[in-house]
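Two complexes follow with chain A in common, the first pairing it with chain B and the second with chain C.
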Partner chain A sequence: MKNKQVTFMLVGLSFLLMLGFSAQALAGETYPIALSLAITGPTSDVGSPYSKGVEDYCKYVNDEKLLGDDKLECFIRDDGYKTEVTKRNFEDFLDEKIVFYLNYSTGSTMAMRKDFDEEKIPTLPASFHAGNLVDSTYVFLPISSYSSQAVGLAEYVAANHKGSGKPKVALFLHPSAFGRAPRDDVKKAIAAGLNIDLVEIVEHGKDLDNTAMLQRFKSKGVQYVISQTVQPPVATMLKGAQSLGMIAKTYGEAGKITFLGCHYAGGPDLIGLAGSAAENYYWTTSYKLMTAPGPGTDAQLALAKRYGRDEKVAQSQNYTNGIMVVQVAVEAMRRAKTKGKKVTRASLYEEMLAMNGYNAFYPLTTVGPVTFSKTDREGVDTLQLYVAKDGVFHELGLPFASEYVKKIK
Partner chain B sequence: MAENRWLATGNFFTSYRAEQRIFLTNIDRLVFTCFLLLLFVWPLVFEVSNKYMLVIDTILIAIVAVYGLNLLTGFAGLISIGHAAFVGVGAYTLATFARILGSDHVLLTHYWPLMILLAGGVGAVIGAIVGLPSLRLKHLYLVIATLSFQMIFQWTINFSRFYDQGQTIAIGRVFWFAGKVTRKQHYFFWYYVILLVVVVLGFAVRNLLRSKHGRCLVAVRDNDRAADAMGIHPGFTKVYAFALSGFFAGVAGALHAYLWRGVGFESFTLHHSISYLAMAIVGGLGTLVGSFFGPVAILMLELQVENIAEFVGHYFTAIGDVATAFRPLSFGLVIVLFLMFEPRGIANWWRITRTYFKLWPFRY
Partner chain C sequence: MSYFFQLVTSGIVVGSIYALSALGFVLIYKSSRVLNIAHGQIIASGAFITYALTVWMGIHIAVSFILSMIITFFLAMSVERVFLRRLIGEPIISVIMVTIGLMSIIDGIIYMTPFGSENFSFPEFLPKVPISFWGISISWTQMVGVVITFIMIGAFTWFFKASTVGISMRAVSDDQFASMSIGISVPKVFGLAWATAGLSAAAAGGIIGNITGLNFDVLHSFGIIVFPVVIVGGLDSIFGAVVAGIIMGLIQQFASGYLDGKWGLNGTADVLPYIILLIILLIKPHGLFGIHEIERV
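Entry: the complex of A and B
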């Protein structure tokens, strides 16, 4: 009798254990990914909406079961734009066994390239510095590099200049690795035949008044200023230029200056900061803007609404940026799963490199497909030019790719 | 009556030699030995994540740097707000080798103890040069001179192509008897190396302060004219204090470069100089134990403030700027509060605690 009871109990226990294991199997796997960025401190105006984009899209993936029964676990930490804190966060994330990493600043990406390589972890930073790809194999840029953007703008200037002679251009740069990123490539493009005259390169400080610099530009006959920095210094410069009556009302207006900028030097937030001084500001990015309705932008607005984001965040291109990097990571996971591979750093890396040709990824949040290969780790290769009119950025022409960047590579 | 080396409840020195002992009682020696043993053994017993090992290693490096600042400001009375630049000099000594010979050159990877010493030497030379104005300048004017050095250092690195305009210059992984230190071993390896440096340099400072070379620093601080009258050369002593401080800072810089496997400009800014000064003040200026307490207190505070700022920044987006301001605010507040209410720093709390246990069960 006692033996029977024991046997019965053992069978019952085995059944419970099996049920437990199968329930665990049915619950699917969890794929941890992580992001360290500046939610506070310098560039937090970019970092804050960026983190919201990552957070919301991760929630969306889980809520909509985009990975089937598997879940995405997303760790987001503030690093205050300090490389030391980023590194500390990264070490912490590694303890969480992350399979994909999203980094932020140029400085930290450059400093941690070797760590990414040693850990063999695919990394998508928010920095588009082409230098991130040098001496590294696991860093991927989501969109065209700052060099492609700045050289692309310079090409646009050269092609559309209305006056006689070479257009006189000045570069307005952030005083950091991020700002200096395209400087040398613009020079190389000029050496390769790009028809512009680079008059001055300015690394801005924290000045609240740019009158002296703008007057100097005027005295040197600068006609175009290309900015590679964040929005606040551009807004300060534009306001100064407006008060001095220097802003060109039409592209290339004689005797005035036409202002242009790369991804982080523009966008809807710039209009909020600079007001009417942002009118006729030319800006390039690979992201679609909310002002250009389409399936991608509609989905972004719906996402922001779903997770209770305010209008400012919903309209921000940095929110789009955050969404897009998770889209790429999730797509790599989805493809690995479809092929029956286990989702690991190695399989995700393979899938990232295979994202080209017919396998290119179309996230709808960008103006072109995301393509990566062993020889090309810049994601979206095309850029869209936007111009600010009546307080809104509008598309100008079709997406383009920089020709000279290919020549100088 | 022979003095009891175990249960001394007061100062019963019968000779100058007795007063100069490193450990005043055997209990002190025993507690110190146990504590040291604990520091060497605990990583083998407990599993600590790399994140926290990195924090601990950083604290230990800060202790080495604060040794130097404490000698300069606490013992010699020469205020410096360019200490991070001296630390940077040590780090950039390694970066110079990395730029010329390559980050994985055998000099950097195999002869790293020599490189650390060399960085200290370069720090000492630069320290002596920067200390030259102290022959003519005092107090606030000297502060401005050290601030100038900080600015010159930042400007030089930031605009120098050779140093990649402050971008991180990689330093290769080091080798030791068991081969290359792998990524897994990295933080533990450097924990032991830095701990050893902290202990050796700690004893060096303690011994220095027992010698005439250490006492002359204090004499010049207290009254340089009186020191001069007693045969101490105030000018030389001041330059020597700067050189000494530069040596410790240089060693700390080299350790920093090896630990972080790279040298980047942003680790040696004015903000870091003020941090070091805060560590020395909060720990207790002019005390050796203050050099331990200060870095622990300030860096742990920074960690906690970071967590609060992150929480506020993440969940209360509208007041993101307030979150950004948390760090400098908390930092400034701690310095001001210590200067107002406990100018002798945490070292004084340590002294009070020790005295209590020394006299226990009696109150005095």
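Entry: the complex of A and C
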């Protein structure tokens, strides 16, 4: 009798174990990805909506079963814009066996390029500095680099300048590797024949007033200022220019200055800071703005609504930015799975490099396809120009790609 | 020539706002010999309170500005009561360390609100067309800022020179034990010093926020930016803060106007104040108007 009971219990236990294993197998695999960024501290106005974009899209992937029975596990940690904290976070993430990493700042990406290579982990940062790609094989830029953006804007200035002679241009840069990123490439483009006169390159400080700089620009005949920095210094400059009556009401207006800026130097938040002084500000990015109706923007608004985000977050290009990097990671996973590969760092890296030609990825959150290859790790090559009118950024013309960037590469 | 006078005007405008921002440091140091490291955070808090009252509660910005000063007055007084009152008589370095902790606490609180990670701007209530004369332009925001600054500096100067409470505060700054022996309540004086510093910080925050827009990083950085002003003027001199503020404003404008863009120079407006600070401290270690105390042994 006792033997019968023991046998029965053993059979029952084996059945339970089998059930447990098969349930686990049915539940699919979990793919951990991670993001370290500034939710507090400097640039948290960018980092906060960015992290929400990543978080929401990760939830969406799991809720909508975009990876079938497999799940995405997303680790997000604040680093306060401190590289040493980013590095510590990254090391912690490695313990979680992450297969894809999302980094944030230019400084930490530059500092940790070697770590990404050592770990052979595909990495998408929020920094679009072309220097991130130098001496590195695992860093991918989601969109056109700052250099491509600044050179693209300079090309637009050259092509659309009203008046005789070369357009006089000044660069207004953040005093860091992030700000200086496009400086040399703009000079190279000029050397390669770009028809502008680069009158001055300014690295700004924490200024309360830019009168001296703006008056100097005026005395040198500067008609266009291209900014590669964050929004607050641009807002202070625009407010100063407004009070001095220097902002061009129409593009290239004679005797006035037309202000233009790269991705982080503009967007809806700039209007929030500068108010009416941001009117007629020209801004470029590779992301689709929420003011441009279309399937991508509709989906983003729906996503923000679904996960309880307010209007400001829903409209932010940095929310789009966060969504887009997870879209790319998930697409690489999906493609690896379709080919019957196991989702690993190596297979995701292969899929990232194969994302070109007919295999280009169209995430709908950008103005062009995401393409990567062994020789090109800049994602979206096209840019869209936007102009601020009546407190909203509107699309201006069709997406374009910088010609001179190809020439100087 | 109008270029030169434009730089002078802008220098005075910027300098007077620096002076108002520096005032909070001076008011606390003058009465308690404590350097409040969290001053930038209080400036930011004042600006955000003004915004919240104006935009979220629909109060007119002028009224919000005054209400924000009153609220920050009591908030700063409460901070002193809760965190610093127990440290009276303790080494100054302990109190300064507490203000560093306070800075982190205020940072944390602000990061829990939308102000920590979003950008805002005050509703535009002043004319957009600048005031122009003799080829010089000054925006209405800057003009109003300068007027408020000078009113407040004048009021504080009178307060410390002529009012009983102000004289008590100066007495406490000179010698806490001697002040207590003649019946001055040192704790009350400390509380009042923090409260008035909070009031001036809220005014500075409101003015800076109107000029730059409301971004937490930008606003709290003014606590550090005005540091050379406080040191050059003398930590315990209101008049020194005004003079040093204007000197710094002028230096920045002239550096930016005449040095930047020439001979490969750039960003001199950020560096020059610190070079001047070093030179002045070499010649006058207590700042231009700081009191040089001589201890007889």
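Everything that follows uses one rule, which is that the second predicted complex is superposed on the first by the 409 of 409 C-alpha atoms of A that agree within 3 Å, B and C clash if a C-alpha of one lies under 4 Å from a C-alpha of the other, contacts with A are read in each partner's own complex, and residues count from 1 in each chain.
As a working rule, a residue touches a chain if its C-beta (ideal position, glycine included) is under 8 Å from a C-beta of that chain, and two chains touch if they have at least 3 such contacts.
Keep in mind that what you see is a predicted model, and the values were worked out from it rather than measured.
Clashing of chain B with chain C is the outcome of superposition onto chain A. In the superposed model, A:252 lies in contact with neither chain B nor chain C.
Look at A:48: by the touch rule set out above, it reaches both chain B and chain C.
When the shared chain is aligned, chain C comes close enough to touch A:236, but chain B does not.
After overlaying the two complexes on the shared chain, residue contacts for A:39 are found with chain B and with chain C alike.
Look at A:272: by the touch rule set out above, it reaches chain C but stays clear of chain B. By the touch criterion stated above, A:216 is placed in contact with chain C alone, chain B being left untouched.
When the shared chain is aligned, chain C comes close enough to touch A:207, but chain B does not.
In the superposition on chain A, A:175 makes contact with both chain B and chain C. When chain A is checked against chain B and against chain C, the one touching more of its residues turns out to be C.
When the two complexes are overlaid on their common chain A, residue A:244 makes contact with chain C while staying clear of chain B. Of 9-17, 45-53, 99-107 or 189-197, the segment of chain C running into chain B after the two structures are fitted on chain A is 99-107.
Across the superposed pair, chain B and chain C both touch chain A at residues 39-41, 44, 48, 175.
Interface residues of chain C, counted against chain A in their complex, comprise 3, 6-7, 10, 13-14, 17-18, 107, 111, 116-121, 124, 128-130, 137-142, 208, 211-218, 221, 225, 252-254, 256-257, 260-261, 266-267, 269-270. Considering their complex, residues 39-45, 47-49, 175, 200-209, 211-213, 215-216, 219-220, 231-232, 235-236, 239-240, 242-245, 269-270, 272-276, 312 of chain A touch chain C. Residues of chain A touching chain B in their complex: 39-41, 44, 48, 51-52, 76-78, 80, 82-85, 87-89, 91-92, 94-95, 107, 110-111, 114-115, 118-119, 175-177, 180, 313.
Of all residues in chain B, only 49-51, 54-55, 58, 158, 165-168, 170, 183, 260-262, 264, 266-267, 306, 309-310, 312-314, 317, 320, 323-324, 326-327 touch chain A in the complex they form.
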